[in-house]
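Two complexes, one shared chain (chain A), two partners (chain B, chain C).
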Partner chain A sequence: MAETATVPSYRRAGGIGRVLERYPFLPALVIVVALLFLNGFFSPNSLSFRALTGLLSTYMALILLSIAQTYVVYAGDIDLSAGAILSLVNVAIVVLMERWGGGAGAVLLALAMGLLLGLVCGLVNGLVVAALRLQAIVATFATSIFFTGLALYILPVAGTPAPALFWRAYGGRFFGVPFVFYILAVLAILLAVLSRTRLVTQLLAVGDDPQAAYQTGLPVVATRVKGYVLCGLFSALAAFCITGDTASGDPLVGGKMTLYSVAAVVLGGSALSGGWGTVVGSLLGALTIALVNSVVFFMGTPSEWQNFVQGLAILLVLMAGVLAGRRGRS
Partner chain B sequence: MSKLKLSGVSKAYGATLALRRGDLEVMAGEVHVLMGSNGSGKSTLCKIIAGSVRPDSGRILVDDQPVTITGPRSARAHGIGIFYQELSLAAHRSVGENISLGRLPVKAGVFVDRSELRQRAARYIGLFDGVSGEEFSAEALVGSLRPDQRQLVEIMKALASEAPLLIFDEPTSALDRAQVERFFEILRDLKRRGRGIVFISHRMDEIKAIGDRVTIIRDGETITTLNLNDTDPATVIRLMVGGAGDMPASQSSVPAVVDAERGAALTVRNLSGRGFSDVSFEVARGEILGFGGLHGQGQSAVLRGIFGAGAVTSGKILIGEESFDASGPRKAIRCGCAYVSGDRARDGVISGRPIIENVTPIHYLRDRLMIARPRKLRHKVAPALQSMQTKFASLFHPISSLSGGNQQKVIIARWLIDRPDVLLLDDPTKGIDLSAKADLFALIRQLAADGLGIVLYSSEDAELLGNANRILVFNGGSVSRELTGADRTRYNLYQAAYEAA
Partner chain C sequence: MSRINSFLRQPIVVALVLIVFLLYLGEALSPGFATGGQILRLLIVASLLGIIAAGQNVVILGGREGIDLSVGGVVSLSAIIAGNVMNGADGGILPAVGACLAAGAFFGLLNGLGVTLLRIPPLVMTLGMLGVLQGLLVVIRMGIPSGQAAPALSRFVTQPFAYGIPGIIWLWIMIGIVMALMLNRTVFGHRIYAIGSNEHAAYMAGVPVGIIRIALFVISGMFAAIAGLCLLGYSGTSFANVGEQYMLPSIIAVVFGGTSLAGGKGGYTGTMAGAVLLVILQSILTTINIEESGRQMVFGATLLLLMMFYGRGRAMRA
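Up next, the complex of A and B:
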């Protein structure tokens, strides 16, 4: 039944359908543009270069976390521990930077350790889900508690500050261009490179139909584990951004972000059942969430209603995306 | 030289013995046909060779060397490629990617070598140039293809493994004649180049056309291996069914004449929709109307359209005297219209659920049952299943424990508890063994005799010629010719199907 819902039906798709087939993130792009207009309508200031840079540096962590999530969703899996990995890496690097004195060498070394930690967390998830064959939702929920526990052990209360060198660099400018734009450029190259790898094709094939992939002779277990490792690595990168943005360690900072990352993946047009999606879509999905939050704020919504309106807006955007996709395919 | 030799291979799933004693020897440069009714263990044997099923006992020799096949990857490493009956394609990947998925070409160790991928795709797509249908290209997504095109992709994928030993488990079930002929040319070429080929099909004419030797399996045991030149179809079928083997009724006897006095069961006037246009016909009560022609000429689309499962843009449908406009299958079922598809996995089977639940959904719908009481239902379910000699251990076993033929019998049985007025059969015997086919057609004739109007689309000419009172030949989405009485010959059917194509 899931198949009839996600596989483009074998009736010929129309013109829009074919474009959507190639670029499933188009509805998300349209929504992002529409939200930008709304932002400009409620507060012209919110479209200023400064404001957009601020928005980007705040939400860069969510963008990266959504991309992390996308790689496991490709293979039909899910990672409910992505946010916990982010928290764990966040506190680990902040504590390490502080211990090692906060110099440039210490920062770089701590970041390397952070990446390694993300990789190990991803490996644990992958082994638990793919090798031990536990249900991805439940197993990664369990590891998320475990990772959060570790984070709380490393830093029981939020507040240890990150070295000034680190957050000044993240929020600063180089040659007049804000640092987040360099991140965005490197990210674009990284994603383009990754999309050409055999691993990504294999992840998508596994997510499409695991049985078929196994019978084709693909290393299904190894591929899924690699997907989780990739997710762990991107979660660590997301942790770097959140550390740069908040300039401190917080063992619970990523908890809420996990499901936002899943929502961003879906907003971006990827199929949660696997086999179908794009990382660009997830990036736009994360931006959508960012812009929704910003619109809600600039509309002047009373603070006690902000969550309500945010939820409603995300629901609306999801519906719009789904309807656009359906119309295109029929 | 022996490419592959299996001796005494067995496999049990729990208490069921899927394969008792499988023996098979395939030589280089031969097409070795594997025959047996569904559930006899052919597919299990193939999956053991391909590594997706591990045998419990027995020996496997490749090129006279004993090997242990631990999985599909290891089978590939031993030079074995397979076409899976249920296909092994990624629906959201392109044709080109699917063809090479088993061994993606890489450069720099990690990147997919796109140009090599394209070249390889072009090479195998080129083999079927002209018969693969329009819009078939390396870039097309597999999910957007017609079933026959998907089957071609699976064939290309098996060929692209370039394995010395190739296994084809019912590779032609969705293909039309031109595609089958092209495929056979390719097989003959591979044969000349010394490949060993295992071929499974239920179509006797295909087996005669391509096979060199045949191994017959019955009840999980290899019975014998024969030279196809020294034998005749009747012998093969006798060996397959074990003793009680005349040619099945579906292929020999001529259908009874219809009593036209009984009135029309189904009238279709100027029906148009996606994939067909301006189709008109009438089915009398007690009549079996055949739909013939090449694959995908609108036959299935018309049937699905009538049943409310496909798009209809204009036209009129009457069931009996009453106008009938199915907005969806629910409505169609309530109005007494039944539809059985050959694509059981997509349109029929409720997978993972017990047999009894697979027999009763229509009954629930038509009687508006709210509470299921298995004890009471059993009395309604049992006769429906028995009318086709369905073999099952218990009503509460999952439907997946049955062979394809028996699954299809269960699907048909669900329509028999509350009799419909019109029965639409959309290639119902796809992938079903000969004895199950015989049971099905015996039932279909019985239903016709009871006064149902039946529309039968079949991709096998023999089934149409043997069972349909009239045959409408479809071409490009409309009826190009009607064959009645003595015109219903294989030659006429063949010619009508091809004349405008």
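Up next, the complex of A and C:
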């Protein structure tokens, strides 16, 4: 028995297992394609270029937030404050853009400040969880209350509009191609580069077995802190997208998105226990949530039943994601 | 000296010392904060949180990253079921209790089955269930009005019941005693600790691990249902997503009570102190005259500060 346990898993796994090990996000991709097909079946119009662009610009924030969540989940941590960071950056950049006049320079400077704010929030989380060694779930819930307070201080009630320059650019086209596709392209390059960095490998190593990682000489605490910083930065990017989509500031906009970001990570086949996962899976997981909502709408579900059917469908795909992910690993 | 030191480091002692300190602080900030009637009001709110935390507590004790995020949804659902079944009539209380417990047990059972049979991580399973429950609440709300609490139920929760103390606080004390006996004196209780600290060893020793873990989620659902019922009595009528605000605080109360989120270590008596501590802290923040934003920042920072007193993880050693 002991002998078989040492055999690398891919040799034991069958064909499907081997493919899943190589492409862990495959189940999520299958689900996304199936949902696209269902969307087209119930409403051919929903697969039009225009409709898909709309879907993407609405859910780009969730996609980025799910990617943000993935980097902390890699290391076996969790960030329940990601949505609060999104809200905080959202109100901060909107207020700054307004204060600085709403010109192109003001917008860029405000975005830079937003990134810095996301970085600082992530650093706070990282220090609290990894350096002070508080339990991630409760500690990041506490910081989420703090960040929400800060967002309420900056903008007590929702409503300050973002400058037209900003949301027109986000919803607009350049050379005939919608802006969100440029975001998607840049994101793809960014993720590809990141996935080749030492940091991501270290995050996965820490998540797989912190003790072993420590004994190998990895700076475990620093790595986990960096994971949270990365999460803060991507949460800030998500805030840019939600600001482009809603064209205004709202101190509570991200509150509900945190748990969806966790769900998207699981849908993408990543293990919440850490050490195993892909950001592409999380992107597909966020798209799954978007498409489930859209299918339920186009199916003609009575409005009062929509939330229930969405909740049930997401629970079912969550379970499917976990089961498929396990198959890939076992 | 070292004996005193280890006594002072016990989570429940930490919580009690902090409670006394916060009561003094509250009294200093706004005279009248720590009077008898005011403390009873605090305890009513704490008992609502504490009853939910009882279920959360056993699920966490059972280990394997046990956690129940669906309690908020079950509390809301139970409040609305109770409101409709009793609809302002005392005669409807018993059927309402039965209906709420059945609903809580049902959703707890689904959670437990998903976690044990399909081996879905509890966080994922209960998170998905929360979404289902929230959707179900929308369906129910569109179809029927939210319903009214029976006068007797409202009296039980808000008015003195025996020896000048409201019934819900007596109920909470009873739950505390039953939980302490169950965890420390029964086979079931010992088995909870066993599967929480080492599931494999417990399985090898013949403990029916799966059945016990399912039971823990059922218990959690039922405690959340009881809390929803009491919450209806507290507010008179149920309103949208009334239970959601208790979801994460119920986990914090457990942590402040000294139960480790890793499972297998802790107890409910500490959780009760943790719930009181959390409610007093919130209450102090509402009495001092600052903006909502400042209140939230102070609350978040204080929670972090308090967590420093409790089960911090161990540093890495080679």
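Here is the rule we go by: the second predicted complex is superposed on the first by the 310 of 330 C-alpha atoms of A that agree within 3 Å, B and C clash if a C-alpha of one lies under 4 Å from a C-alpha of the other, contacts with A are read in each partner's own complex, and residues count from 1 in each chain.
By definition in this document, a residue touches a chain if its C-beta (ideal position, glycine included) is under 8 Å from a C-beta of that chain, and two chains touch if they have at least 3 such contacts.
Quick caveat, the model's predicted, so the values are computed rather than measured.
Trainee: In the overlay, answer first, second, both or neither for which of chain B and chain C A:276 touches.
Mentor: first
Trainee: So, A:146: does it touch chain B (first), chain C (second), both, or neither?
Mentor: second
Trainee: For A:55, is the partner it touches chain B (first), chain C (second), both, or none of the two (neither)?
Mentor: After superposition on chain A, A:55 lies in contact with neither partner.
Trainee: According to the stated criteria, A:259 is in contact with first (chain B), second (chain C), both, or neither; which is it?
Mentor: second
Trainee: Between chain B (first) and chain C (second), which does A:197 come into contact with in this model arrangement: first, second, both, or neither?
Mentor: Only chain B; A:197 stays clear of chain C.
Trainee: Which partner chains sit in contact with A:205 here, chain B, chain C, both or neither? Use first/second/both/neither.
Mentor: First partner only.
Trainee: On chain A, which partner's contacts cover more residues, chain B's or chain C's?
Mentor: C
Trainee: Is A:312 contacted by the first partner chain B, the second partner chain C, both or neither?
Mentor: second
Trainee: With both complexes superposed on chain A, which partner does A:215 reach: first (chain B), second (chain C), both or neither?
Mentor: So A:215 meets both chain B and chain C here.
Trainee: Looking at A:96 after the superposition, I want to know if it touches chain B, chain C, both of them or none. Which is it: first, second, both, neither?
Mentor: neither
Trainee: Residues of chain A that sit at the chain B interface in one complex and at the chain C interface in the other, please.
Mentor: 211, 214-215
Trainee: If we count contacts the way the header does, which residues on chain C are in touch with chain A in the complex?
Mentor: Within the complex, chain C touches chain A at residues 65, 67, 69, 114, 118-121, 123-125, 127-136, 138-139, 141-143, 248, 251-252, 255, 261, 291-301, 303-304, 307-308, 311-318.
Trainee: What residues of chain B sit close enough to touch chain A in their complex?
Mentor: 50, 52, 71-73, 75-76, 82, 84, 87-93, 97, 101-104, 106, 110-112, 114, 135, 141, 143-147, 157, 274-275, 311, 346
Trainee: Using the touch definition from the top, list the residues of chain A that touch chain C in their complex.
Mentor: 80, 128, 132-135, 137-139, 141-153, 156, 210-211, 214-215, 220-221, 259, 262-263, 266, 272-273, 303-312, 314-315, 318-319, 322-323, 326
Trainee: Which residues of chain A touch chain B once you look at their complex with the stated criterion?
Mentor: Residues in contact with chain B: 3-4, 7-13, 21, 196-199, 201-202, 204-205, 208-209, 211-219, 271, 275-276.
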